[in-house]
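In what comes next, chain A is part of two complexes: it sits with chain B in the first one and with chain C in the second one.
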Partner chain A sequence: MERMKIGKEKFGDFLTALDKQLYAPQKVGETLRFVPVTPENKLDLEFSNTTVPPKSVLFPQVETLYQYELGKTDLNLPDGGEERVLVGVRPCDARAMAIVDNLFSWDIDDPYYLAKREKTTVIGLACSEPGMNCFCTSVGGGPASTEGLDLLLTDLGEVFLLQSLTEKGKRLCQEAEGTLEQATEEEVTSAEKLHQEAAGKIVRNIDTGGISEKLPELWDSSLWQDVSEACLGCGTCTFLCPTCHCFDIQDEAEGLEGRRCRVWDSCMFSEYTLHASGHNPRPTRRERTRNRVNHKYSYFVTKFERTACVGCGRCINLCPVNIDILNILAEVIKEAI
Partner chain B sequence: MKENANPYKPEIVTIEDTWQETYGDRAIKTFKVVLDDEEARENWSHRPGQCAMIGVLGVGESMISISCSPTEGKFLRFSVMRAGKVTQALHELEPGDKMTVRGPYGNSFPVDEWKGKNILTIGGGIGQAPLRPIIEYVKANRADYKNLSLIYGARTSADLCFKSEFEALNDRDDINYHLSIDIEEEGWPHYVGFVPSLLMEVNPSPENTIAITCGPPVMINFVLQNLKQLNFTDEQIYTTLENRMKCGIGKCGRCNVAHLYVCKDGPVFSYATLKSIPEAFA
Partner chain C sequence: MVDLEKLRTVARETISRDDVKYLIGWRQGTYGFRVSPCFIKEPGEAEQLIFSPLCTNNLASYLIVMEKLPLPRGEQPDTRKVAVMVKGCDSRAVVQQLIEQGTKREELYIIGCPCEGVLDLKKVEAKFPHILDPVTVQWGKDKIIFQLPEGVEEVPREEVLAQKCLDCRDPNPVIADITLGEGVQAWGNGEYQDVQELEAKGAEERWSFWEDKFNSCIRCYSCRNVCPMCYCKDCVLDRLNPSWVYRSSNVSENTAFHLSRAFHLAGRCVECGECERVCPVDIPLMKLNKKLAKEVEEKYGYRPGLDPEAKPLQSSYRPDDKEDFIL
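Coming up: the complex of A and B.
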């Protein structure tokens, strides 16, 4: 693996040299999210993690499937979109992309997601100060995990250490060759030390081993009632989860212009599973919470042989009533023994 | 984006004929539609038990069972109960109007495995729609199957679908059918009571028989109990799950029962499979 470095003062030049649409974390209202970088908004990589995960770029909250004119039957499909570079993706969120890739490419390809994924290069930023509810190391990740990334940056103060991880990453480095330098042995060593230190700063840990087998045994357990009692059904935990991928398909029409689009949906909403007959197979928050936890730690594992959780901690940090998935998992482990 | 690679892009179809099956708040209307694109029409193939996403541009899409057998011709039939926004818009359509259709989705009834067996369908209300393709398929391949028996019920005689098709069976001695309504009506020549009771009355032998049941969840639960009482094994019993669906291709999430997606792994399940899934009878 080639280790390069780039002076922070040159990082802007590096990105400009790429001549691709850049997406980077920006404050939008109260939330930090990935939006297109424009000359007006300054790149700022001093952040813990974004409120909205970068899934919003590959799988937008509202996405047009096709447009049409009411009364006519021509369906206009969008094109595959531009070449993009995501800058400053945290390793947990990049792993989430690799996880979600499974879903959007199993059996039948999802052309909307995969076209964007193909045209997107992901530049990661290793964590040095994990958040208080980060638990990536409990679910197979780490502050400098590289899965899902094309390049990984490590902040060494004056410079970024830059690891190229894939062909896409290599191409990016070639395009902006003039701004890069070879990293020294010391720089590589100090980056590795930083990664280790960051992992040591993660305070929340849980042994998730065997959880996928334990969950089905607890189907009728009273724990689901207990852990969902406080839930408001707001859906924040799923909307802001980097691996949650559920969507609804809706038509919108204004005047003669119409479109069929997909919009984020959440298994925490009652309407999500409501039948036309009025019957609801998941009638209360007990069943819905049970589904959310089972899907992440059991169903997805059965189907794709990996957990659909990267330990980013968003669902814990942002739940308005402090429901904590690690506490739920701890209950599962305790009861299954 | 390559158009033919887009599973979300529907075909445009033209409605050739409609039948008002039932009236009232939850009226049922049947549509016979033909795909506009000639190539797509020729290439379309479905199997009994599959469903399709049908829609109205500007309103939305709903997953509906394909209620015809591929043996009937190069068209599709859907029997739609008016229950929400999309089905309301569908009910307003008449012959000549356009709809969108994509699919077919899901697995199907294993009609090849069933060759040489007696086929018994047990339907309730709109639940007869997914059973109709089996009946038509068996009729078209009559020599491949033994007895064909149909049990079907609804609340009142006005709530029964496909009435003229049942009446037409009077002319055939190779198919027997039993109808029921919940409440006594003057002049009603058939059974009065619930479908699970009619099943006990008919008392079918489980010997070399496959029983397929579709209908409201409460009816299915009692039919399953009664079939067990009649000594049917779990492997001889089939039903369909009709969960809410949006994509049809195992992405949007909502139709899951545990790790299975009804749109991919279903809608047809044997009772043996369903019993192993904790959420199946929720």
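Coming up: the complex of A and C.
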């Protein structure tokens, strides 16, 4: 594999040479999320991870499906938008994109998601200081995992080592060829060393082997009551999960114009499964919590042969009542024996 | 200071009572400085309980968040009491729920815990990052004592306590069946300093402050769900026909959401600060709530959650209510 490098002072030139809409972590309010980079906002790649995962670019919280005007018969359909480059995506979040790809191209191709996905190139940034609740190595990933990425950057201090991983990545490198140099053997070795060290800094680990088979056996277990009692039923864990992809379709109208859009939805909300009859098959937070865990670690595995969790730790970090997915999994393992 | 042994003994006795179904308290969380609300059903489980500066959660929220399933035919409802541990702010939430008939006094057994202030986890986790082992934390005189893996650290309380605690005027439970430990001194001055700072700014500056914050809202509704005073069975925000607030997350709808909530809490918010604590995108929601609390206090001399015999502000009228601010 070809390894290039780029001086940090030239990284801005590299991105400018691409002539595409860049998305990078920027502060909105008090938190980091991926938003379009404009000349006013500086690119800052010194961050642990964003609060809102980059799924918000490919699968925005609110997405117009079509617009209409009363009295007219034609609908306005959005196109896939401009060519874009996501800069500074953490390897866990890139793996999440690869996981979500399965869902949006499963029975029916989702034109909205796939058009954007096709036009998006993802530049990853390997982790050197994993967060407290990172557990990517327990779910098949790692601080320098390359799945879902087109390019991977490793911060070597003065320079970024740059690994081109796909055709898209290669094209990007060609477009900005002038700013790149060949990496030396030593640089490649020190990047590999950094990746290993980063993996060693991950303190939370769990053996997830066999969990998908264990979960269905525990359907009626009292553990679901125990782990969900403190749940408040908010959408933090799911909205900020890089693999959660549920949406609700809403119609919004004003005057003679309107649109049909989809908005993020959460299986932790009580009305998520509420039927028109008033019946709710998941009537309490016990059933909803059970569903969240089963969906990630069992149903998704049955359908797509992979876990729908990348170990980013957001749900653990941000849960207001300390519902800790690793703790739930540990209970599952304990109970199943 | 609440003695842990005393607390656990009281909890054991409480849960052994025939008329109590479970006790809501705090237990050490899964890592670091985290704590989780817990539901004690057996006397043996009382050993898990703690009361320390880590116990941020307002447990009064759990009195109204419970989802009751329809009873199977022939089965009688469980009418036993719920026992709940309360700090000063939690107890004010209970009082306000009682005033509004959201809960019934005879359904509760209240264990009061005088509180010397709880931590702001954002401050603490920034100060002591990457701590996996559960940490014991205690109140000291004007300081907080952390038993960290590498040794004991003492930090001045102003550096790590939640702002709502530094401003607290009622740290002692205002309602309880049993109170643990001695009452503590109140230290808040009721001056609404942060509100005054915002008020001093021009309208444009204020709006640019809030616009930025509301723009970052993801409408996860954690602020609503954690709020002990938000307990409508059918929330206006969940209504679809008509949709009073669209589900779309944008500055306009998010502002409508937060302002609706703030107005619904006027004269009701007990300033427990839970909305601000749980917000994953750090919106300073207490500034909104305190602005309204300040208005209510100045105009009507009313502070919610202090007197179980009081009437709700918005359903009471006194001939001597001030009128000079009414247009």
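Miscellaneous remarks
Convention: the second predicted complex is superposed on the first by the 334 of 337 C-alpha atoms of A that agree within 3 Å, B and C clash if a C-alpha of one lies under 4 Å from a C-alpha of the other, contacts with A are read in each partner's own complex, and residues count from 1 in each chain.
One rule holds for everything that comes next: a residue touches a chain if its C-beta (ideal position, glycine included) is under 8 Å from a C-beta of that chain, and two chains touch if they have at least 3 such contacts.
Note that the structure is predicted; figures quoted are calculated from it, not measured.
By the touch criterion defined above, A:250 reaches both chain B and chain C. Applying the stated contact rule after C-alpha superposition, one finds that A:233 touches chain C and leaves chain B untouched. In the superposed pair of complexes, A:336 makes contact with neither chain B nor chain C.
Contacts of A:277 after superposition on the shared chain: chain B is touched, whereas chain C is not. By the touch criterion defined above, A:17 reaches neither chain B nor chain C.
Looking at the shared chain after the overlay, A:70 reaches chain B, while chain C stays out of its contact range. In the superposition on chain A, contact is made by A:295 with chain B only, not with chain C.
Within chain A, the residues touched by chain B in the first complex and by chain C in the second are 248, 250.
Residue ranges on chain C touching chain A, taken from their complex, read 29-32, 34-39, 57, 61-62, 65, 67, 69, 129-132, 212-213, 215-222, 224-226, 238, 240, 243, 246-250, 274, 277-278, 280-283. By the touch criterion given at the top, residues 28-31, 33, 51-52, 61-62, 132-133, 203-204, 229-230, 232-236, 239-240, 248, 250, 252, 261, 263-264, 266, 269-271, 283-285, 316, 318, 320-324, 326-327 of chain A touch chain C in their complex. Against chain A, the residues of chain B that register as touching in their complex are 1-3, 5-10, 12, 36, 55-62, 81, 83-84, 87, 98, 216-217, 242-244, 246-247, 249-254, 256-259, 264, 278-279, 282.
By the touch criterion stated above, chain A contacts chain B in their complex at residues 65-66, 68, 70, 73, 75, 77-80, 103-104, 106-112, 115, 216, 219-220, 245-251, 253, 258, 260, 262, 265, 267, 272-277, 279, 281-282, 287, 291, 294-295, 298-300, 302-303.
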